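Consider the two complexes below, in which chain A is the common component and chain B and chain C are the respective partners.
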Partner chain A sequence: MSNKKVSKKDITKLLSQWSQQFTVLVPSKESGVAEMAEWDGKDTSFLDWYRNTVVPPKASFLPPMEEMFHFQKDKEGYRIELPPNEHKQLIFSIRPCDARALAIIDANFKDLYQDPYYLSKRKSAVLVGLGCTNPSQSCFCTSLGISPAESTDVDLMLTDIGDQFLVEEITDKGKELIAKTSGLKEATKDDETKAKEAKEAASQRITRKINTEGIIDKLLASFDDKDYWEKIAAKCISCGVCTLLCPTCYCFDINDELVRQEGTRFRSLDSCSFPVYTKMPMENPRQEKWRRVRQKVCHKFGFFPMSFNVIACTGCGRCIRLCPVNWDITQTLASLPVKAEVGK
Partner chain B sequence: MTTTDISPSRFLAQGNVYLPHIVVIEKIIEETPGVRTLHFNFKDEKLRKEFTFQSGQFAQYSVFGIGEAPFCISSSPTRHDHLEFAVQRVGRVTNALHRLGVGAELGFRGPYGNSFPLDFLQGKNLVFVGGGIGLAPLRSLIWNVIDNRDRYEKIDIVYGARTPADLCFKYDLEAWGKDKTVKFVTTVDRGEASWTGKVGVVPKILEEAAPSAKNAVAIVCGPPIMIRFTFPVLEKLGFTPEQMLTTLEKRMKCGIGKCGRCNIGNIYVCRDGPVFSYAQIKSFVSSEY
Partner chain C sequence: MEQRLRQEARTLLEQGKVDWIIGFEPGSLKFTTTPLITKDKSDVQRLVINPFIVNNLAKFLIEIKGRVGIVAKGCDSRSIVSLIQDNKVIREDVVILAVPCTGVIDLSKVERLMGKDRDELDDITREGDKVIVKVDGEKREFPAPEALFDHCLACEFPTPQEYDILLGEPSSPIANPVAKEKIEKLKQMTPEQRWGFWKDELSRCIRCYACRNVCPACFCQRCFVEETEPQWALPVPRWQDNLIFQIVRNIHVAGRCTDCGECERACPAHIPLRSLTREMYDIVDELFHFKSGMDKEALPLMTHYEQEEAEDLFR
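After this line comes the complex of A and B, so read on.
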């Protein structure tokens, strides 16, 4: 199978073609915060500034707020109506870390009961990856088995090779899309070599590391060390940024909104950083901040892999870059007070 | 009332799991000043016939416009001409449930979670230990067991509340008191002039009643403090952690293991529970229960 390539100046043409079939989402700073937003049909300046979005692309599948259904009361009683379900999103230039994040949280939304809102959007979407050639110093994806410029979690993978992007067909869905797309050229051996070099160089740029060997046991052994967790949590202000903007955090809340006899049930992102997240009328198992910080760390690196055999972190570095008090997960994991015996 | 065998299969809703079924309140029993039982039925005729659940399972009930909250199904699957749940008035949704009247419509999703292990309980002596509204999940199982009385050996029930006015399900208490096949003790923490029953906290009265641990299983549900003090008494009576069952409660939103909040370590109370043995609880990573 030979790969394709597309000239950078032809990206507008490419996206225009895809816009006929899909809602094309590209990195945008229009709202003031870098996020994947609907392409305006002309602007491709993101190719110059884009390293990664602040808001992870999970927002296109698990939106910060999403209507689940609408309800209305008339003389027959309550009637429930589902919102229109016509998502056909194409995410252009998703990073390998964020594509992996979706593959990771798929497990949660498929487990036992299917989550129709998340899974229907996932099923209809096309992911076009763009290799990271300029990762941030807070990134540590290579420690989680992710290469910044390679991905099998996307449908098509693009690599910057100068004036062109090399285009690799990863899935059948990607192959079908390319078959219907015009303006692509066959990649040459020289293009392939350039892409290979770019990928290797990108991996080399990731210098921050974590050690995940035996991480579950280390966390379980450190679980009851209250002094340690209090120390780790001391500067946390429970703002929730590290979870709400984490590409693998999926916790949500469900609430109703009512105006007269009409209302909406919606779900919105929630965070284990907030005391109300676990609050019951009579008690709260995680009222204390250190318990909430412990939950966040242990869920990602302990409980989630205990359930789904994969760590719920991709090393995207957002929680490090965006934390207002410079809390650093890599430091926490490096300083676990591991005891000889696995504690209960 | 109809009595039937309980289907072991888990009833799984078709389609969008978050869409509630509409149920109608048929009867309301004011149990105590803060607790009421709601009897309800599905609006949909077909669902009314096909719906199945098992003792110990819970559901998400919604007051449209206010929100959803989880409660166990407190009636027995052996008596399915209607369903019941009991609500203590403590928060936003429960206050709304206390304002509703007969004929009001609710949203219902479920049943969710695991259930009391009937196969394990069969042929055993059963010791039920309940406190306050904690009798709700137990009474589902107690009636289930009484309706299949020959499958079980001795039945002991110890039930208590803070004061005589706080005793829930008084009609059940009366029925069990009269049932010659059941040994039933009721107690209050603080008595009053007209109270002729026992006075003392549930763990103390349980210790006095001293049911044998031989071929027995204890099923405990009540306020956390009662549960914490009951397990050591049962251990003293010779019950092993495998012989003690309880149901746990957590804040829940989805009810199906997805929204995150009801975890105790890697265990999700909604997905893996709410029924656990004390042996399981002791093996939990976290003591946040």
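After this line comes the complex of A and C, so read on.
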């Protein structure tokens, strides 16, 4: 398989072509926060400032809020009106951690259940990955089997090789897109070498590490150590930053807005950090903060891999970087008080 | 100052005067600190005081049980006093370890000054009225106000007025006009423009409630925004509901907000929340001649009424 390449100054032409067919999303700060937003047809300044977005790309598939349907009551009963559900998104320059995160969310919304809202966006989407050459100090993707500059979770993968990007076709979808795209050149052996070096250098730059060996057993063995979890949870303020902005967290809530005879049903992200998340009429099993912190850690690194055989964390580091009190998951995982023998 | 703090904290724990020490320790990322909440005297060696002690630790007094030795900057100490006014904290149960504050460094401002991400910077230090940033062997100096949080530039009482142990020489207010630039700009807008401004800003809100949860003035056991009967606002991040949440939160913290700026700093969506809270702070001062958290004997502003207020209030 021969790879292609594209000059950085030709990115505008490339995105323009794709815009004919897709809603092209690129990293943008236009709204005031870094997120994947519709390309304006000219701006490629993100190539300079972009390390990763604050809002993870999961927002393009599982938005912070979406309208599920509109309902109206008349003489014949309820009339349901579904929102337009045709999407054709192309996400340009998604990071390998965030692309893996979508594959992780798939386990729930595609494999275990078939969620129509998620799938209508996910199935039609094209992911064009861009390798990290300058990861953040909060990143720890390599500990989770992810390379900052390589990905099998995207359709096309781009690697920065100076004034050009090497373009690798990862899936058939990617191959088809490239076949219909003009302006790409064949990559040379030299380009391939450069890309290989860039990928290796990027991996070397990830210095934050976690040890996932036997993590499920360690968590289960530490589960009942209330003193430990209380200590770990002490500084947590129970806000939703780490979960709502986590690329793999997918918990949601459903609410109706009812005005007289009509209304709208909304789905929006929810967070296990909030006490109301588990509030029931008679009691709340996670009223205490340490139980919620424990849940978050155990779900990502214990219960999720127990069910789906993959850890629900990609080491993107958002939860560390954006936490108002610098609560650091890597420190928690490193300090688990394993009491039982691991691996039995 | 740091050595003194560690020694005082150790003594407090050793002599059984407090059960807990709440302070700051180095964070896990460059130029950060993180709250240290401990009963263990061997932990006090990790306590730090530096230009990155962002959090208002008074927040933790609301949930912690027992007597606490707490590190407080000027604004934080006022939040403690405000909690005493509201009967959420008993004065005798806290030992205030007062930091005469010279301002906290706003990393977003440093990033803008340098045109670089915080990760790429090698060092940021405060020396007198300068902030010095080192990157790739190069050294750049900025007048401190350019790199400090807006609320620090507006701070009236950087040295805690209520304290038990003062950890250094009192510091003086910076009083820099930049502190209110954003608010002044908003005031010059027409109501329509202002409406548009807040609509745009609040459209980014993800309802993580970081603003509420870092705020020591927000101590309701159940926030109005989580009520379902009646449901004042949907828990859906629509700008209209986000606006209701912010407006009501702002009214609820009136007379309690000490302009510590934590709401704005904690916001991952960069919503300029302090433009609301500081304006409320000034309105409270103007209408009621009340500055939050200054007098532990004072009644909470919104729980009492005085005859002479009428003239100013109902006009």
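Note that the second predicted complex is superposed on the first by the 338 of 344 C-alpha atoms of A that agree within 3 Å, B and C clash if a C-alpha of one lies under 4 Å from a C-alpha of the other, contacts with A are read in each partner's own complex, and residues count from 1 in each chain.
Criterion: contacts are C-beta pairs under 8 Å (C-beta built on N, C-alpha and C of every residue); 3 or more make two chains touch, one makes a residue touch a chain.
Note that the structure is predicted; figures quoted are calculated from it, not measured.
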Combined model on chain A: chain C and chain B, fit or clash: fit
Roughly what angle, nearest 10 degrees, sits at the C-alpha centre of chain A between those of chain B and chain C? 90
Which partner, chain B or chain C, touches more chain A residues: B
Quick check for you: in the superposed arrangement, does A:Ala234 touch first (chain B), second (chain C), both or neither? second
Return first, second, both or neither, reflecting whether A:Gln137 touches chain B, chain C, both chains, or no partner chain. second
Pick one for A:Asn326: touches chain B only (first), chain C only (second), both, or neither. second
Examine A:Asp253 and indicate which partner it touches, taking first as chain B and second as chain C; both and neither are also allowed. both
Please indicate which partner A:Ala201 is in contact with in the superposed arrangement: first for chain B, second for chain C, both, or neither. neither
Per the contact definition in the header, classify A:Ala334: touching chain B only (first), chain C only (second), both, or neither. neither
For A:Leu244, using the defined touch cut-off, is the partner it touches chain B, chain C, both, or neither? Pick first, second, both or neither. second
Once the shared chain is lined up, is A:Gly32 touching chain B (first), chain C (second), both, or neither of them? second
Overlay on shared chain A, then closest C-alpha pair between chain B and chain C (Å): 6
List the residues of chain A that touch chain B in one complex and chain C in the other. 253, 255, 257
Per the contact definition, I'd like the list of chain C residues that touch chain A in the complex. 27-30, 32-37, 55, 59-60, 63, 117, 119, 200-201, 203-204, 206-210, 212-214, 226, 234-238, 262, 265-266, 268-271
Going by the contact rule set out above, which residues of chain A touch chain B in the complex? 68-69, 71, 73, 77-78, 80, 82, 108-109, 111-117, 220, 223, 250-258, 263, 265, 270, 272, 277-283, 285-286, 291, 295, 298-299, 302-303, 306-307, 344
Parts of chain A lying in touch with chain C, wherever the complex brings them together: 31-33, 51, 54-55, 64-65, 136-138, 234-235, 237-241, 244-245, 253, 255, 257, 266, 268-269, 271, 274, 276, 289, 320-322, 324-328, 330-331
Name, in rising order, each residue of chain B that touches chain A in their complex. 12, 15-20, 22, 24, 43, 62, 64-68, 90-91, 94, 105, 107, 223-224, 249-251, 253-254, 256-266, 271, 282-286, 288-289
